[in-house]
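One structure, pasted below without further comment.
Letters A, B and C name the chains as they come in the text, with residue numbers starting at 1 for each one.
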Amino acid sequence: MNEPNAPATFQLPEQMSTIAGDVDWLYYFIYWLSVVLFVAIVGAMVYWAIKYRERPGHKAEPTGHNVPLEIAWTIAPLFILAFLFHKGFQGYMDFDVAPAGAMEIRVNAKQWGWEFIYPNGGTDNELHAPVHRPVKLVMVSADVIHSFFIPAMRIKRDIVPGMFTTAWFEATHVGQDDIMCAEYCGGRSKDPNGNELPFAQMTGHWSMHSMVHVETEADFTKYLLGIGDKCAVFTAHGQSCPGNILVEAGQSLYTKKGCVACHTTTGTKLVGPSWKGIWGKQETTDHGLVKVDESYVRESILDPQAKIVAGFPPTMPPFRGQITDTEIDEITSYIKSLKE
Amino acid sequence: MFRRCRNMVVTERTKMANVSEPLQVPGHEESHPDFLQHHFDTPAQQFGAAKLGMWVFIATEILMFGGLFCAYAIWRGQDPKVFDEAHHFLNKILGASNTIVLLFSSLTAALAVRSSQVGKRNLTSFYLVVTIACACIFLVIKYFEYSHKFHLGLLPGHCFGHPGLSAAIQNGEEVGTCLRMDVNSASVMPEWVRAVDEEGHVTLLSPRANMFFGLYFVMTGLHGLHVVIGMSILLWVLYKNVKGSFSPAYFTPVDLGALYWHLVDLVWIYLFPLLYLVGKPE
Amino acid sequence: MAVVDIPVAGGAVGHAADEHGDPHANYLKAKSGIGSWMYTLDHKRIGLMYLTMVSIAFLVGGIFALLVRLELFTRGKTIVDAETYNRFFTLHGAVMVFLFIIPSVPAALGNFFLPIMIGAKDVAFPRINMLSFYIYLVGVAIILTSIVMGSVDTGWTFYTPYSVQTANSVISMTFGVFVLGFSSILTGLNFLVTVHTMRAPGVRFARMPLFVWGMYATALIQVLATPVLAITLLLLIAERFFGIGIFDPKLGGDPVLFQHFFWFYSHPAVYIMIVPGMAIVSELIATFSRRAIFGQFAIAMSSIGLAVLGFLVWGHHLFTAGMSEFATMVFSALTFLVAIPSGVKVFNWTATMYKGSILWASPMLYAMAFIFLFTIGGLTGLFLGTLSVDVHLTDTYFVVAHFHYVMMGGTVIAFLGGLLYWWPKMTGKMHDERKAKIGFWFVFVGFNAVFIPQFIMGSRGMPRRYYDYLPQFQPFHQASTIGSWILATGLFITAYTLLEALWKGKKAPRNPWNSAGYEWMTDTPPPLANFHAAPVYTRGPYDYHLATPEELATGPDGREIGYKDGHVSALPEHGRH
């Protein structure tokens, strides 16, 4: 059962991970065992309740003893239960121990949502994973206990503040499934004044819903590029980052980081200078003349109050601690590309 | 096997008519003394039941404290170094004094039972008074220990490093408390504490030591509450003794009260070494 | 032949009437006035007062359940907002567990029947019995205050850190539960001492009625487990009020430690809930099969076995909580072990019916329903004890359905059966059997309708304690809610039947069910001192072949002089041999 791929049954969701097959086999084993035992016990009870029902001429027979029978039905179940324990524990070890070399994705759980952080530093609120590759989730909580649950993968693990907990899966086919929180963590449905919020604004344990998207390697790579440091895919393989990748990344950061709020790329002046044609210019600042080069762009991002271009207010917030060096490179490339 | 025995017994007794014994007839002091409750048949049965009941109750108390000893074991195993440093702030002399006081009070409690058993009412009262006095001494010594820690800021949880339960000092005034229930204290965290320990060494305790003092205060505090409860029970027994309720035939409350007191003592016998004594040699 | 006092004209010599009342008078009439109830020391009256209170608690908890299910009828908001819903399911759990089910059988039926069944005049400590009831009332008052003052939304399990951080009345609620714990401990203490010191001559442990064995095993658990709950709740209160930090990772504490402490009590607690129910079922099956319980010794020992093993398996509530692999392995193995005593009981009860003479009276319907429903509950426990399968099923509706099958399909069903069985003995009135049976079928069908959809929802991935849910679960939720209305109807019919009997019921004969049980040998209702003459027992409580027709209230030609379908008849209308 290396590639469990069965579709959803009446009782169980579809199988989407390598461990799902064994879990389901054991589930149905217990199910049919239970059916047999239930039919035997309740069947005997109802049959005898009817056959020996109280009526004129029928007497109850005094109860005898049958010690061998009693010993038998005390010992025999032990064997079945030992088997269940053994298979269950085996399956649990498969669930618990991630294969070496699994790709680590960090999971931040908080009231009330998920954040996934990928190896390239990119973040998203939904989980994407490549098919046929083990993924190890390293999970932390910002506040209370949550629990990470993907039914189709048959995995679930509590996320406890103050410690890292892990879970892993290897998806067996492309598709998607729900991610849900499985440990009650509260909720909010009233505003600070105590008035009830509309349903759409109520949030809590039940609304910590996300999706896991299992995709092909190619799609997954594209996804990583889309959310994160586009250069990481290249530098991780020892290659240099192609220029157009940097420019595209920078353009995306222009919006994502909020530069667009104060700087245009069309020449129009807003709160801050427009980036169009700014590269290489000599600007007059409150600390003298300065050339717009890599150093100046870097300083303006990390420590904007150092030099303010004349005619503009000193209101740009510093991005120190909130931006990586690579992202600074990407924005620099983008600015460079905005010729007059 | 059961069935055969039963058959034999039944065959014998079916020969007799319904066998009944009359219920206790009132009016005979020997067979129905004042202290014998109406649902018991004999004083011996009543005493046996009372004693068993008290032992069962003591078992429940042991389980309750057991949870705390469990917590102690877990944290000590996890942070032995912090425990060792923190325990030097407990005064061994005071702790040992308390141990001797309680052991002595257990002796006087047992002597009170013996005196009651032989009918010496005044001697019983004397021993009970001494036991209660010892309990008071214990509580006074505890008060000194607690207030010393209060002033040094050796307090549990968020209050560690906050002498006097203060959250912050602004303009020379205390602002809010470090108690969790105080809204202003929401972000108060334990601090480092630099102080002179009981052996005279200047020690720097990390904020993690808050756990030691949390356990210290909860364990000794719960024990102290039981000392107060035990005292109250013994005061009531003293009152009943002075009124003349007890005799060699009936001294159950003295016996049970002393038994409870022995439990209170026993818990301290465990607390003292675990909190005050156990640690790396000097 | 047992002895005891078939009421004989003239009676035997006994106590004269004293300030407790005439010991030979019917206990309900021995003294009157509200003071005679509030200050009573009579275990029977205390049992009835407990019964009244737990019934009210069941009603309150049941209303919360109906509200929860009503909210879940449709997606989105149906009747209340999310914070209110969170409080509803928390209170449903807390009220049902702490105010209803833990006290229910021991404090109501146990208090009433344990002394009678061992031939004693009362429990060992009647004043402590009364104290236990007063403590219960105080606990209820604190919890009601807590509900009114803002209530709790943590789930009945109060997991940290959420229970430390949430802005609700956690302290008052947990303190109320703390107080209730003392009530439980004192009841257990009383029963243990009573069984050890007050058995009448002839009541050897091997002959003790199985109901008493069940109460004894339950008392062991009450006494040993509840103190751990006490310290757990105290630590939670200290954490919340003083910020002690034992469960707070930022101060060096561990939130999972709370779970270990909590479940160390709460798992044995579920055996406090089920063992008394099983004890009732033993009595019902014996009486209504007219046969001694098969494997009587094994049933007695299995109650003790559950009490002991129940302390060793708390970790199975923490399989996904972050325990070590070694711990999960040990707890899974022990969990399977604890299944064996329950299985032994079910097999023995069923075997008792073989070649018996089965009367399909309403108490027996409940006993058979117990076997049906508890078997399902127990078998679904196998899924949850199996580690790899539990990972998928834990914290889903599968667990919710499992524990409702054992707690409600088990204990509540047995409790209702016991009430119908012993109603004549306690009240002296016969209820209407036809209404009782109609009520039973509504309860049985309704119960399954509520919870079978929940098994399926759970295994399909529906988590617990959700205010809203994904669209694919809607049909299951709707079926479950409709089931809850059917179940509620059945419960109301049953309650009505019992209450109606008090006013309109026919006078009950001494032994309407022709049982050989010890409690049926004395008056119905019992006299204040339980017996007219001190009993001596020369046969076991299930020895139908040794009991006389007089004791069994079957006429001289073997025909019943009891009752059929609510009609008391001195004429032989139908025979029970």
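As a convention for this text, a residue touches a chain if its C-beta (ideal position, glycine included) is under 8 Å from a C-beta of that chain, and two chains touch if they have at least 3 such contacts.
Just so you know, these numbers come straight off a predicted model, no measurement behind them.
Visitor: Which one chain sits nearest the middle, judging by mean Cα positions?
Guide: Located nearest the centre of all protein C-alpha atoms is chain C.
Visitor: Among all chains, whose Cα centre is located farthest from the one for chain B?
Guide: The chain lying farthest from chain B is A.
Visitor: Can you work out the whole-Å distance between the CA centroids of chain B and chain C?
Guide: Taking the average C-alpha coordinate of chain B and of chain C, the gap between them is 33 Å.
Visitor: Using mean CA coordinates as chain centres, what's the gap between chain A and chain C in Å?
Guide: That gives a centre separation of 43 Å.
Visitor: Averaging over Cα atoms per chain, report the distance between chain A and chain B in Å.
Guide: Distance between chain centres, rounded to whole Å: 50 Å.
Visitor: Can you pull out the residues of chain A that are in contact with at least two other chains?
Guide: Within chain A, the residues that touch at least two other chains are 65.
Visitor: Where in chain C do residues touch two or more of the other chains?
Guide: 250, 254
Visitor: Sort out for me which residues of chain C touch chain B in the complex.
Guide: 1, 3-6, 12-16, 18, 20, 23, 120-126, 128, 164, 185, 189-190, 192-194, 196-198, 206-207, 223-228, 230-232, 234-235, 238-246, 248, 250-254, 257, 261, 264, 297, 529, 531, 533-536, 538-540, 543, 546
Visitor: Give the list of chain A residues in touch with chain C in this complex.
Guide: Touching chain C from chain A are residues 8, 10-13, 19, 22-23, 26-27, 30-31, 33-34, 37-38, 41-42, 44-46, 48-49, 52-54, 56, 58-63, 65-66, 69-70, 73-74, 77-78, 81-82, 84-85, 87-96, 143-145, 147, 149, 151-152, 154-158, 160-163, 165, 178, 180-190, 196-197, 199, 202, 204-207, 209.
Visitor: Taking the complex as given, what residues does chain B use to touch chain C?
Guide: 2, 6, 9-10, 13-14, 18-26, 37-41, 45, 48-50, 52-53, 56-57, 59-61, 63-68, 71, 74-75, 79, 156-159, 178-181, 185, 189-190, 207-208, 210-211, 214-215, 218, 222
Visitor: Which residues of chain C touch chain A in their complex?
Guide: 76-77, 81-84, 86, 153-155, 159-162, 165-166, 249-250, 254-256, 289-295, 298, 319-322, 325, 328-329, 332-333, 336-337, 339-340, 343-344, 346-348, 350-360, 368, 371-372, 375-376, 379-380, 382-383, 385-392, 394-396, 456, 459-461, 463-470, 542, 544-545, 574-577
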